[in-house]
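Chain lettering (A, B, C and D) follows the sequence in which the chains are written, and residue indices restart at 1 in each chain.
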């Protein structure tokens, strides 16, 4: 537990200058045991966001004549001094948490000037404005990291367009229903990765949608009905903070919990895609599967077992989505939202390096792909094609074949025309030899040919996947331009705010 | 527990025709105790969705020459007979669950024709296609109900643009952090409701976004790499099912769990808005608050307490979002998704009637609004305006005033200029009389004037709220047209499918 | 959705005889759209529990003279007729849900007699009494199934006391943090299973503790303060229902949600043990691990892939605990509690059969155990023992050895004294040859010897494990006797109730 | 984010002395971006627990001759120096996290002595032993705080045995299903609080049960099969750490996640009781209910609304259980377990002060109790008693009465014999006057008489509640003695460990 003294908490906590015991409303200081309890739930204050809002608010108040020009100028100069000291350091020094701006001004300039800051807004504004600013930063950072991740994955996929790999099913599910990881069919490693790329492309669309939802300004909504202070301009503050729109109902603006849920709605699916991939890779990197091996830098070892190379980064990434869900359920969903975005961004920043250094054991992949009857469905399809049988009949003949072969210790490579005929004769609803050549049988179950035959839209044939990679590369270009444009607009708004401050200071 | 016999389960369950013990792969029937266990988790099969997919698939197979034309025609005719019997009834009769189409055809037409249905697709297709069809139906029904709900809420708001009501804070939160419900300021009931209308307007935008995500066809992705059957057309099936696009990677298409999460991401925020409103109304309808009263038809009573009128529908609606979250966490998120959409749609269908019959106790609302010092912040603002004091000084003088008044049993109505001066003198950082007139003091704290003064953008002044109501009415028109257009396109696709069937039957 | 008509719901739902529109308190019938919404959340009524409570309540009322003896006798005779018809069928027929007893009596005997049943109790009593009865049934059934499961697992362990198997780490975790499944050391399959047996032994202790918590009678607590009806005896009802104690505060008794949480607290850990085991077995049964194979009767297959043998029962069992947690979070935790107990009991009933038929691939287990350097820690221990080096030095020399060997494609079997010396010389903090014999090195890493050397308390040496198996067999005997005693006491209470009814009917 | 340099992380993290890049197994340092990501999930290390285990382990190793006596003595002396410096400070200084003991010894005494510490145990032991030690501390602190809480609540209840208060229903539920808070019947405030006391009495029993589960020693289980080091004594370490028993299967001992779930199972119900009470009090302290008022020291105020007195401590306590559940679902349930125990203990430490200073508005409580027809059920009971009517008939007559009275604006106090007769005549299944005296009617609905009449077991009559208070006081005595005994045993074990260290140092 923190070692701060009780005094510090009593006098320097949230809104301390309005909670002096016996002055104003309350007659007692906060109970020490309650202070101790609350510490555990203390959020890291969003000092930079409070600072930006404080500045924009004061510019507006001064421009609109709500506070005397000389007071406004004095405040803005003080904020410049605070920036020289370091915003976080200075605000921590004076206490007050979300109200650290007012605490600083009262400390530095006295009650008569410092006490003028907060007119026309509330603690609620501080919470909602800082939440909106924080979320837009998280989202844009996520977009940028996501782009780098997609790029690295597409490059990886390109290298493995021809790498045959098993396809397991029923598919993976991270949370909830567990793996079966049974051999189903075959694909290429590049194709497999492109499935995740396509998912991440859709995730970017969703991030853009929620970016627009946080780009609406709650500033000036106060605690839910705004203020009756004359000349107060919510539009001017919106502009100085770089928002694109304004809430048309202050009570709506104050219901900020909804907007952390918008973040979670996005984190829910995005983290699921990431964790889904690394849940697979965790299994793929066991000695038994041995399909891939992570670079040492993403691994840990053991204090007693000298041979242990634990793929801890894969585990960290595969746990992401579980934590996002748990945090969404806590009473303090704001804190959970901060942690979740941070984790997702940190996770995305790891992936390019992981993909670049990931060793794919190409031969092992191809060997496993051919070993466990993954071509059985294609053999059934060959029977349909060659003999015109109904699908179900062909399917059941091959099922019978697999049962016989396994019981006799035979492998797919051992199946001849005659061996298949034994199964066809045993199967009660057919009962005759099929007379297929061993060549047709073996071709149908050949992993590489299976992949190459699948030239249908969305299929794993290299020719198809290369087209999709080209499409994904084009989309990377387009999305890059869109994200940069958003970044630029935020930069311009920040400059506009500083210029407005300069203008006031100079004119004052 | 269900009373079905074990026999029924053994022989008629999912894929029974491919799981006959000793025929094909498996040598044993499913263990009876496992059948019993699974029953608890049985999902209601999406028979109508399977049926639509079965038909579109057969049309495509026949048109493309993948199955003999006479077989295709026989199958389509059989499906028409199934429709005459009733799709759900007929499919339940033959068992097979998701494979009830094949089960029906084998039962009615024999293995030789019935066994041809499933070529080129998998159980995976059945799951993903039916999930996509189900979700698009849910979403469009939700959109329609949401429109009706918004309409009823706007009409209600219009009636209560002038109804003064308390504003409580710190706001409500449904799940997680609890109510405080302390008197903060005042607003109107119409303004309060419009905050929820604005939220629901944004929810519609999100629903449109996920509608687009489910309008992508997974059909023909088979179990993750599509098929190698020649001439197979995923595009034709997409068209016949009314989808707008096609997954460009079959493995991506198969990872269907992502797409139930997209539903949950939407349900998460939408259900939260609904439950947030009714969590409030549940408290508002206690005898102590007595702000509103629901119509009897939304209430229950007690087996022993003759006076009890329990607002059970409010409770049901306020629980919605909790259930959505819990279901998202279960292993079977598909089942949870079905239940959650159903609940949300049912909930939305209740709201128009509730709003129409909700009795607002207008006098009680206004009385409570004025009773608990909700005008104190406006009194502080008046002191700033009249005497040029810093906000914080004025705020602390009024805090002192409230403390004195409460300890002496005085109410807001009792505050005179002289009484305020006592507080100003007691407050250590000021210490002088303010000399405000009683008129100014009383006007500042008058609930109706508080509301009327707030003409800022987003404020509760009736003149402002009427503008927002007009804007919301225009948006209702626009959204109505958009939803109808989506409905129409689905209707047209359904007709196209039937015409394609007609054409084949006639030509066959 | 259910196909019941609205009429049925309007007139036959919960407490219909006290909710006739316009008669009594409420002037309207329940809104049809609310009825539809509620259907989705309908719980399966606990008719047999209501019935038992109804009978005990009437016996007490009659014995205490609270209702006229002739009325009491008429009611008890009617209940006997109901039993002849079938309790569930009769109660469904008359509607009323939890009040189906009163509904039946009013229907059969008229208002004048039927209307006397409910005196001195409430809907609350019906809920809490039936919850207590249901939970004690679930718990005792769980205990019995758990005993059978432990027995089957101990028998299985006995067969595999000598079966060498890999030990993977960092351990498994079902929900939340994922598998790593890296080779750590070696153990026997019997020892592994006994770890789960020990856990289940502790689970039984917890079940006994919560059994005692549900064996407290809430009957007569009414809605929270009991009744003022004279001569009312909560003690007599307690006795007739077979409870062991009585709540000493009726308001406490009414807060039933706590008691479903007691169930969940138990289900939380018990389901986790079960799912933990089967999460392992799911991985163990992949083709890559191939350590075990389930019997066909616990598996499914595929509609297109003839080779697929999906271990669906393992998956079902490994999902158990996820569902328990999700249900605990829903608004209707009572419903979730019913489902969770049912699943856990069904799951436990499956396990004996699974263990009996589970095929362990003994050779494959032993082969994997020796393959991936699982003896490296024991080689380090041998160096400490033979050369007196610090543990950390020995550990790092072996780490260096493994790195060199892997890079050169050597396996544990290839390590000679000279090869180890290369590593010792390369390791910078030692730098000299160790001079160990190849024999010592190979013995240290021999999987069977590794196991046999571990004769410490809790170790995997067969001699130790056989002792623990004997201890677990003794505990099975003891626990069996304890469970039977509880069953017997419930049976005796049931007989006492019937005898009391007989006595009244005969005397009446 | 932390400002530690990358160097610090690279070289001082968990197990740094076994992860030097290029020395031993791994060739690379941990990737910087992975280090950054992991920081967010860093747990506060349990340095004091590691320290206690390190000491006990070395004593055992030395006594058993596993490490040379002079090395053991040197290590124990170094640990004494570490204690002089401060255990946490010294361990933070040397890095190594859970392995900070070895890191310290290597730093202070060199590899040759320091490298001997870890023989025969693993990181797994460090995790499970420290988890067991932490949990037993948490549990015993919880027991002590719980005792103080119960004491304060019983004292509070004693003061309010006669304070009439409304009883609301259907009951409260913290998480999930929401409040209805409709007037049901009446009780006393003391009786109400005693219901929670009874619940907490049962919670202590559960805490004792899980205390026994964590008092089993996992020390020496290593990573799941123990060690093959000769003379190693798990029993001696158990004894020195003050455990009561030992895991009989090392693999069982290593599966520590189960044991955090045992903590959660207990926290789940305990936190629910606490939050349940404060969820009520949060509503009770609204201006509308106004039944209670917390002391200022448990409240906050507002930056703009001078009148705001927010009961923030009640809110904190009512959120407890929500956070416990959310944390149980995260991937890192160990971290969540630490936070949850800390919160529960902090919460319990607040309650005595809250109860002592809680102001109950006695008149307001009694006034509300009589106002909203809470006596209606007793009026029905009076009709049954006086006129021999069936309960249901009486119940419906009174329901009719309430409907008429409400529509005519009459209150319970206004009901006369004649007025009741109007209802009786209107009720279609009766239709005659009842002829009850106004005196009987008014007595039946008198809140104080309602309470006094309820002398049944578990009823709210003061005479009954005083008996229960006496019983709860006796139990406080008994439980106090039991908790002290546990504390004493832990103290004695700690002394035994120090004496064993002394003996070795002296003999060395």
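In this section, contacts are C-beta pairs under 8 Å (C-beta built on N, C-alpha and C of every residue); 3 or more make two chains touch, one makes a residue touch a chain.
Nothing here was measured: the structure is a model prediction, and the numbers come from that model.
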| item | value |
| --- | --- |
| Of A-D and B-D, whichever chain pair has more C-beta contact pairs | A-D |
| CA centroid of subunit A to CA centroid of subunit B, Å | 24 |
| Separation of subunit A from subunit D, taking each centre as the mean of its C-alpha atoms, in whole Å | 33 |
| Computed distance of Cα centres, subunit D from subunit B, in Å | 35 |
| Sequence positions of subunit C contacting 2 or more other chains | 18, 24-27, 118, 169-170, 175-177, 184-185, 223, 301-309, 319, 322, 325, 328-332, 395-396, 399, 402 |
| Contact graph of the chains (line, ring, star, complete, other) | complete |
| Of all residues in subunit C, those that touch subunit D in their complex | 17-18, 23-27, 102, 106, 111-119, 124, 167, 169-173, 175-177, 184-187, 191-192, 194-196, 198-199, 202, 205-206, 209, 213, 220-221, 223-230, 232, 234-235, 246-258, 261-262, 264-266, 268-269, 272-273, 276, 325, 328-333, 378, 381, 384-385, 389-393, 395-396, 399-400, 402-403, 427-429, 450-451, 453-454, 456-460, 468, 471 |
| Subunit C residues touching subunit A - in the complex, by the definition given at the top | 169-170, 175-185, 279, 282-283, 286-289, 301-311, 315, 318-319, 322, 329, 368, 371-374, 376-377, 379-380, 395-396, 398-399, 401-402 |
| Residues of subunit D that touch subunit A when the two form their complex | 14-15, 18-19, 21, 24-31, 33-34, 36-38, 40-41, 99, 118, 121-123, 222-223, 295-309, 312-313, 316, 319, 322-323, 325-332, 336, 339, 342-343, 346-347, 349-350, 353 |
